[in-house]
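Both complexes below contain chain A, partnered by chain B and then by chain C.
Up next, the complex of A and B:
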């Protein structure tokens, strides 16, 4: 197992470099003048502005030179210092995020992580439990009800659900507002009297013993958590149900029953552990997806996370941000996949990762 | 059977949810899907009035956050450095933080009141302006204003200059050039990067001699290249006007005032100036924080220099700002902004034109441009309507299209029924024919929801040079369109043509303008074929730069309030648009002469005559189809008081919060 983990960790940088090369190659399909449009808001008013921008940023240099410059940085002609360079830990300045890309990720990741973690609890817990119940009561009333709910949850578009929830529970009832905090709470959090330990409002408010802010943060999380959870919940429920049904039909289940085990032990001891193996894969990847940010949910609820940032970067053709976020997403995906694989081996001893 | 029933039932539920979500709002949202988006740059500007909400009937909402002005919109500044800024979002923030020599006299765009000056003198030739600097003014960080701070601020701005920045117009005023690099290069044939230290120092010295401070006399003198009647209007722009504390700036690592090393601070990236995300002005508000992607917060300057009872204009605000906190919230999604407005968490929201009908049933009070307000219902919204914006959109003909190597926008590149030749639009009759084939009324009523004014040339309504009381020459007239086509030098009427009109995807107003023109042309002659093509802005920009677009629908948002800022960009051969429409040489020379004549005059009536002549000629020679000037609305909660509409503010609902207050 350890060898496997180390081997995967060694491969990680190679995968990341491969991803960056791929994305960079795709960007080369845009002309230098198209990429220069990032630096202007409309048709430039000064003659030659676009040409000067292309020249200034070297956008017409050969792609391999641009790639190398992005990887190792370049010398500033005036100050003589080296600017940028992924290998120096500098992913460049995000025009959309108004700060270095690494800072943007550091600044926004806690918000996304808080949302993802809080979504994961109902998401994984409920969906697995309901999926098992549904399979155990196959074609009975609980199964039918859960299947209907899963179809509804799976079918309603996120933006429709999010907007409906927002209009009813916020605009009409004023119960669950969007964003991360109310104005009053935000002013306290921004002030010097509140210490930001993790940048996650729920945790920081507890650590600061500000239960009023904790409750306010929870109020703001209710709708995005519901919106975010519901589709993944429906999907995971269906995966769990399907996996559980397959498992219940296996011969070893019949054997277990033949040995005289009661149904409860058959289900808990033999069916569930085996049925959860594909659920771990799907659930793990779903959770990784949440950590990369969820564009629609974050946009509707004006939730300042990574998803909203990624969408804005792509829309604005912010090449630096797109590349930085691609790197980050690749890292999360590869690393998360590694964790899932390891868990896989732990849950199912039949799978030997070495 | 039961499972099938349940399945059918579930489908029914899903279908009903989706249908109800897609159904129109309970409000009369006529033609919502067809309604166009206004030009983004002018989508949300504001109007003016006097104590409107007091006349409103009982509103539905109670005031939240009584000390805070919550402004909910999309977009955020590129930087907070005034000298770098050339967009309205950043400029709007800076208007509350920084001050300059003068500011608008309330809603009057042509009259100015002293702010950091106490008065000014102009020499006889109109090219030397001397301002008396106010005493007793302090910066947010504690420094005291002195004349050298003013001169330093302007010199830094000019030397900093940047690609695609605003200083093409300030440098034009001071030196008759469009960049500080051109100033340094002078008559030399060198590249800027090849200039010697002595040449660079000389350029800096020229800039320093253009703005001279006298700390003892308490004055600052601006030495301009020529008479500049619009100089006060230009001085309301923070890229030229914002005043910094020189000593504080140097401490932060900004240019130190020496000519030996100014290039180090020239043409910086937005994040590489010391004022990128900090501020230290003299204005009524202090920057509290800017959290990118989320919000910008300001707090009232409790040490503001303006004394109680010393209003900026007659009856205007004085002393410490009435509203203690300001929050500019960045909310990109319309539905979320609307929900925040309905919940009372937003005092103002940006409303794209296609969503305006959704709010109309909740209009409690409706005010016009002059501030005359009427009760409308018991709704919670204070709406300001019919607000002309300082923007105008024409369809620009390219009189020398680049057809080399093939150009899909021009089809075959020949007048053979499948394309147009390079100089197709050099024929004035063809340009006039296009102008007659455009349905202006349809554009305004359908695409702009009736909220627009048909333009009569480059100069917008209400401005010096606008031909008051005169209708535009062109209206939708297929007969005249046909007549003009038949007068053309070519046999275009018999042969027909094909061309493409491109617009940037997402800009519905540009799309609709193009489609209206297409419909008009194709209706008048079946041999005419126009294809409207949507493409990403980057691709459009590239095609435009290459001179390949036969027609480009693009607007102008003014930089300073003077007809020169309208005539020059569109009609002068060196103007932002004038230089890329490739006007025929003789016509270009005629327009150049007129535009320069208007700029050189100082007498208002003489200028009016010249600009009216320009306006008329711009219609007769039709270098562009003069389409429309948008009219906007602003939406506030009923508890916002003392609002007025000044269209020249970078953001008319945010640029001078000092004048606003909140109250039930």
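Up next, the complex of A and C:
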């Protein structure tokens, strides 16, 4: 098991470097002039202004030198120090965010993380449990109902559902408002009397023993969580059900029954561990996907997460931000993959001994 | 006088399928005595496995249903027990091993866990005691370094070794009857021989009765005392082993024995086979199920299904025709 993890950890930096190369390649598809004009807001008054910028920042240097500079930073002419670079976390300046890209990501990640975790955990638990039940009661009433619900959940577009929920539960009933916190709550949160630990409202409010803020944060999360998780829920339910049906057909199930085990033990002890193997992969990837931010849901509910930032950057042609987010997303994916691989090795003993 | 421990009478099992109701077993009766080995022989699809799965009530109940008959184990009808009572019989009193060792063990549980599972369920022993017994069992079936092996997974064993683990698992609670459903079919020939020797030795030590299902007439000859031949969900011949091989009385049995390739056969001889295919019965047989393929067929065969009748001491056959003369009895 250990060698399995270590081997994967060794490859990790290589993959990450590969990602940076890919992202940089995308950046360098713009000509030096286009890249210079990313930072220029007005038409320059002087004739050679753009060319000067190109020279100053070395935008027409050979590509591998630019890549190196992008990664490890630039030598300041005045002080002689080297600063910046991807390796130091400097992803450039975001026009949309009005701060360095890295800062924006740091700022918005907790919101997205909170949404992702709250969507993923109940959703995964619920869909897996229902998928198992569905398979065990194959073709009977619970199965039929769940299958119909899954197809509906899978088919309804996020924006339709989100808007409908918002219209009904917010506009009409005012039960579940959009955004993250009500005005009174965010005033308290931003004041000195509230200590920030994780930047996630639900966790921090509990740690500060402010249950009123906790409930307010939850209220704001209900609709985006439902909107976000319905599709993943439907998908995971179908995957679990299908995997479970497959497992129930296996010979070792008959062997287990022939040993005299009752049906509950047979299902729980013999079928479920096998059936969950593909579910872990799919569930893990779903969770990772949620961490990258979800554009539509965040836009509908005006939720200040990474998805909204990515969408705004793309709309404003803020190439630097988009590429920074791409880099970030890729890193999240690669790390998430590693975790899923390790989990897979824990659950399936056949994998870990290769 | 041998003690009868399993007495099956008139067992009938049906399956509902999209094409209709399949009559898999149509009135099967047999007895098993303490400590004896009985062989059940027949082609694929004749109902051998379904018979034994029905006795243990492991048939999935839709689409299957055991529609008639009784199966008395020590004078208790297994078909009338509650599911809970049945669970205390399975694995403890009657154990079963299956054909494919590659798929019959759970791939994500350790061998140790799978071995100790029936023991912890049926015997009141501690986990340490169960582990100790598991090691003993593995040694008994010839797996070396048994103690370390408990933590291994099935994919770390070869096919032959997995089948040994299956036997160890089946015998862990000292059952009175071991049902072996084609246990050597998926093994190499040399491994088959080793396995049969192992089973013989285990029976000598533990004294359980064995019901061995096979379609390999070669394997069963050295193992069983009595043999039963199955066709179309019915037993069509029953005899002691030597008698069956020497004097088969049913045309099907003759065909089966005749189709065995022989070491002393002529080199360029074509293999003999029985024309036609075994039937799938969508109705209970009203005529002899073998009639369409039989070379001795007479008119009565198509009108009425013969019952098993004794034609020699301990030798029963279900046939209207005397194959020595080719005429009706």
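Assume the second predicted complex is superposed on the first by the 300 of 354 C-alpha atoms of A that agree within 3 Å, B and C clash if a C-alpha of one lies under 4 Å from a C-alpha of the other, contacts with A are read in each partner's own complex, and residues count from 1 in each chain.
Assume a residue touches a chain if its C-beta (ideal position, glycine included) is under 8 Å from a C-beta of that chain, and two chains touch if they have at least 3 such contacts.
Note that the structure is a prediction, hence the values are computed from the model and not measured.
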| item | value |
| --- | --- |
| Which of chain B and chain C A:257 touches, first, second, both or neither | second |
| Which superposed partner A:270 touches (first chain B, second chain C, both, neither) | second |
| Per-residue contact with chain A, leading partner among chain C and chain B | B |
| First (chain B), second (chain C), both or neither touched by A:348 | second |
| First (chain B), second (chain C), both or neither touched by A:171 | first |
| First, second, both or neither for A:61, with chain B first and chain C second | neither |
| List of chain A residues in touch with chain C within their complex | 250-252, 254-262, 269-270, 273-274, 277, 347-350, 353 |
| For the chain A and chain B complex, residues of the former touching the latter | 30-31, 33-47, 49-50, 52-53, 56, 78-79, 93, 95, 97-99, 104, 108, 139, 144-145, 147-148, 151-152, 155-157, 160, 163-164, 166-167, 170-172, 174, 177-179, 183, 186-187, 190, 299-302, 304, 308-309, 312, 317 |
| Partner chain A, residues of chain C touching it in the complex | 56, 58, 83-84, 87-92, 95-96, 98, 100, 103-110, 117-118, 121-122, 153, 155-156, 166, 169 |
| Residue ranges of chain B touching chain A (in the complex, touch as defined) | 2-3, 6-7, 9-11, 13-14, 17-18, 21-22, 41, 64-65, 68, 70, 76, 78, 87, 163-165, 168, 178-179, 263-264, 267, 269-271, 277, 288-295, 297, 325, 327, 329-333, 335-336, 338-340, 342-345, 536-539, 541-542, 544-546, 552, 554, 569, 574, 576-577, 579 |
